[in-house]
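First chain A sits with chain B, and in the next complex the same chain sits with chain C.
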Partner chain A sequence: MDFAIQIFARLHITDNITILITDTQVSTWIVMALLLIFAIIVRISSRNWDASKRPSGLQNVMEMAVDAFEKLFRGNAGDKMAFLTPWFFSLFTFLIFSNIIGIVGIRPPTADWGMTFPLAFSSFLMFNYAGLKSRPKAYLKGIFLEPVFIFAPINLMGEIAKPIAMSFRLFGNVLGGMILLSLIYGIAPLALQFVLPAFLHMYFDLAAGLLQAFIFTMLSIAFVGLASGD
Partner chain B sequence: MQDPMAFAVAVAHIAAVIALLNGILTTLGQGRVASAAVEGIARQPEAKGSITTSMIIGCAFAETSGVYGLVIAIIILFANPLLGMVG
Partner chain C sequence: MEWYRSLFALDADTFIGMIPNLFSFIVVAGFLTYLLYNPVRRVLKARADRIEGDLSSAEDSKLSAAQLKAKYEQKVSEIEQERVSILDEARKQAGERRTQILDEAKSEAQDVKERAARDIATEREQIKSAVVEAIVDISTDMAARLISTSIDKNAHDKLFAEAMEELEATTAFRADTVTA
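And now, the complex of A and B:
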C-alpha cells in the first residue's frame, strides 16, 4: 500500500520548470469549489433576508454560526482583535470541509504537510501581527527580554515551534486516520467491507476531523489572545 | 547477516514500534486532563463552557508528543531516508 501523495499530472512550463499536480491539490480544489458554491448560494439568498422579520431556514443557521463564532473569538482573544474574526471563521470552515471530505474516499487536503504548514504559518503571522499591533513594546519585550535577555534564543525557539507543532498536530491526526482506514479496507473480509469502515469513517473523518479543525482554530485564537495581551 | 537490506527493514519496523510507544504516556496525560475537567465541572457546573474549551486546548497540547511519535513512525515506515544508504 502506498500512502504517499500521488501525482496526477505534470505541467511542463519550460525545460527546467515542472509543476506537479498532486491528489491533495485536486481535493483542495474540490473543497474550494464546494465552499464557493455554498458562499454564492448564501449570498444570493441573503438578498431576500429581512432584518425586521423573524429569521428562518438558512438565515437562521448562518446567523447562529457567525454569532457563536464571534462570541467564541471575543471570549478567547479579546475585543481589540475582533476585526480578525472573518479570517479565523473562513479558516475554520475550510478546515471542517477539508477534514470531512475524506468520507467520500478522496485524500483529505490536510493529509499533506504542504497544506497544513502554510495554514499554521499564516496563523503565526496573524498572532505576531496581533501582538505587534496591540502592544508592540510589551510584545517584543516578552520575547527578547523576558525574564532576562539571555533567554531570548529559547523564547525565539518557542515562537518558531508554535506553527510547526500546530501543523504537525493536524497533519498527523488526519494522516493517521487515513492510514488506519486504508489498512482496515485492506484487511477486512469482503462481507465486512461495507459495514465496518462506515463506523470508522464516522469516527476518523467526522468526529476527529471536526475536533481537529476546532482545535487548530481554537489554538490560533488562543495564541492571538496571548499575543495581544487580554 | 546475509542481507543488510532485510536487516535494515526489520530494524526500521522495530524503531517505528518504539516511536509509537510514547502513546502510553500521552494517553495517560490526556486521561488526567479529562478527569480534572470532569472534577471541575462537577464542582462548578455553571463553568462548563470555559472548562470544556480549556480541556480541549490542554488535550491538544498533551497530544503533540503522541502525534510526533506517529509522524516519526510513518516516516520510518513509508519514507525512510536511511534505507537509501544501505541499498
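And now, the complex of A and C:
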C-alpha cells in the first residue's frame, strides 16, 4: 500500500526549476472547480435577492454563513482588520472543501504539506501585515525588545514557528485520517468495506475535516487579532 | 523517472510546488470574494441600511411626535389659563352687575316707598280737609236749621243724630278711598 503522492506530469520551467503536477494539484483544481461552480450559482442567484424581503433557501444560508463569519472575525480580530474578512472566509471555505473531499475518494489537497504550508504562510503574512499596519512600533517592540532584547531570537523563532506549527497540525490530521481509512479499506473484509468506513469517513473526513478547518482559520484570525492589538 | 513523491520531503520540488498551490488558493480567494462574499455582503449591507433607515425614520417620527405633543400641551395649558382668566373675569363682572342690580333695586324700592309715603301723607291731608269741610258743612247746615225752625228736644236729638251719621258716612268713605 502506497500513500505517496502521485506525479502526473512535470513542467520544466527552466533547467533547474520543474513544477510537478501531482494529485495534490489535481484535487486542488477539483476543489477550485467545485467552489467556482458554487460561487457562480450564488452569484446568479443573488441577482434575485431582495434585501427588503425575508431571505429563504440559499440566500438564507449564505447570509447566515457570511454574517456569522464576519461577527466571528470582528469579535476576534477587531474592526480595524475587517477588510481581511473575505480572505479568511475564502480560506475557511477552501479548507472545508479540501478536507472533506476525501469522502468521495479524492485525495485531500491538505494531506500534502506542500499545500498546507502556503496557506499557513499566507496567514503568517496577513497577521504580520496586520501588526505592522495597525501598530508598527509596538508590534516590532513586542518581537525584538520584550521582555528584554536578548529574547529577540526566541521571539523570532516563536513567530516563525507559528505558520510551521499550523501547517503541520492541519497536514498531520488530514494525512492521519487518510492513512487510517486506507488501512481500514485494506484490512477490512469485503462485506465490512461498505459499512465500517462510512462511519470512519464521517469522523475523519467530515468531523475532523471541519474541525481542523475551523482550528486553522481561528488560529489565523486570533494571530491577526493579537498582532493588531484588538 | 519517479512517478511518486514521498509523503513529506523538504526538497526543492516541495517548495517549488508550493508556488502553484499558493497561486491556486489566491485565485480561489479572488473568485469567492468576487462571486460569493461580496454579493452576500452587499445584500446584508442593504438590509442593514434599510433597517437603520427605518429606525432613523422612526426616531425622527418619535421626535416629531414628542415636539407636537409638547406644542399641544403648551396650547392646552394656554387655553386652560385663558379659560380660568375668562371665568374669573366673568365672575368679577357678574359680581359687579349683581351689586349694581341690587343697588338699583334698593334705590327703586326706596323711591317707591318714599313715593307711597308721600301719597299716603297727601291722602291723609286730603281726608282731613274733607272731614273738616264736611263737619263745617254739617255744622253750618245744623246751625241753619236750628236758626230757621224752632225745634224741640226730640227734634234736636234727631237732627244731631242725622248729622253724626252723615259725618260718619263721609269719614268711612274717605277712609276706604285712602286704604284702596
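As a convention for this text, the second predicted complex is superposed on the first by the 221 of 230 C-alpha atoms of A that agree within 3 Å, B and C clash if a C-alpha of one lies under 4 Å from a C-alpha of the other, contacts with A are read in each partner's own complex, and residues count from 1 in each chain.
Heads up, the rule we're going with is that a residue touches a chain if its C-beta (ideal position, glycine included) is under 8 Å from a C-beta of that chain, and two chains touch if they have at least 3 such contacts.
Since the structure is predicted, the reported quantities are computational estimates derived from the model, not experimental observations.
In the superposed model, A:Leu180 lies in contact with neither chain B nor chain C.
Look at A:Ser90: by the touch rule set out above, it reaches chain C but stays clear of chain B.
In the superposed model, A:Ala165 makes contact with chain B only, not with chain C.
By the touch criterion defined above, A:Ile215 reaches chain B but does not reach chain C.
The larger set of touched chain A residues comes from C, when the choice is between chain B and chain C. In the superposed model, A:Thr22 makes contact with chain C only, not with chain B. Within the superposed three-chain model, A:Val66 lies in touch with chain C and out of touch with chain B [touch as defined at top]. Touch criterion met: A:Ala4 reaches chain B and chain C at once. Applying the stated touch rule to the two superposed structures, the overlap between the chain B and chain C interfaces on chain A comprises residues 2-4, 171, 175.
Of all residues in chain A, those touching chain B in their complex are 2-4, 75-76, 165, 168-169, 171-173, 175-176, 179, 211, 214-215, 218-219, 222. On chain B, the positions that touch chain A within their shared complex are 50, 53, 56-57, 59-60, 63-64, 67-68, 70-71, 74, 78-79.
Residues 2-7, 10, 17-20, 22, 24-25, 28-29, 31-32, 35-36, 38-40, 42-43, 46, 49, 51-52, 55, 59, 62-63, 65-67, 70, 85-87, 89-91, 93-94, 109, 113-115, 117-119, 121-122, 171, 175 of chain A touch chain C in their complex. Per the touch definition, chain C reaches chain A in the complex via residues 1-8, 13-22, 24-29, 31-33, 35-44, 46-47, 50.
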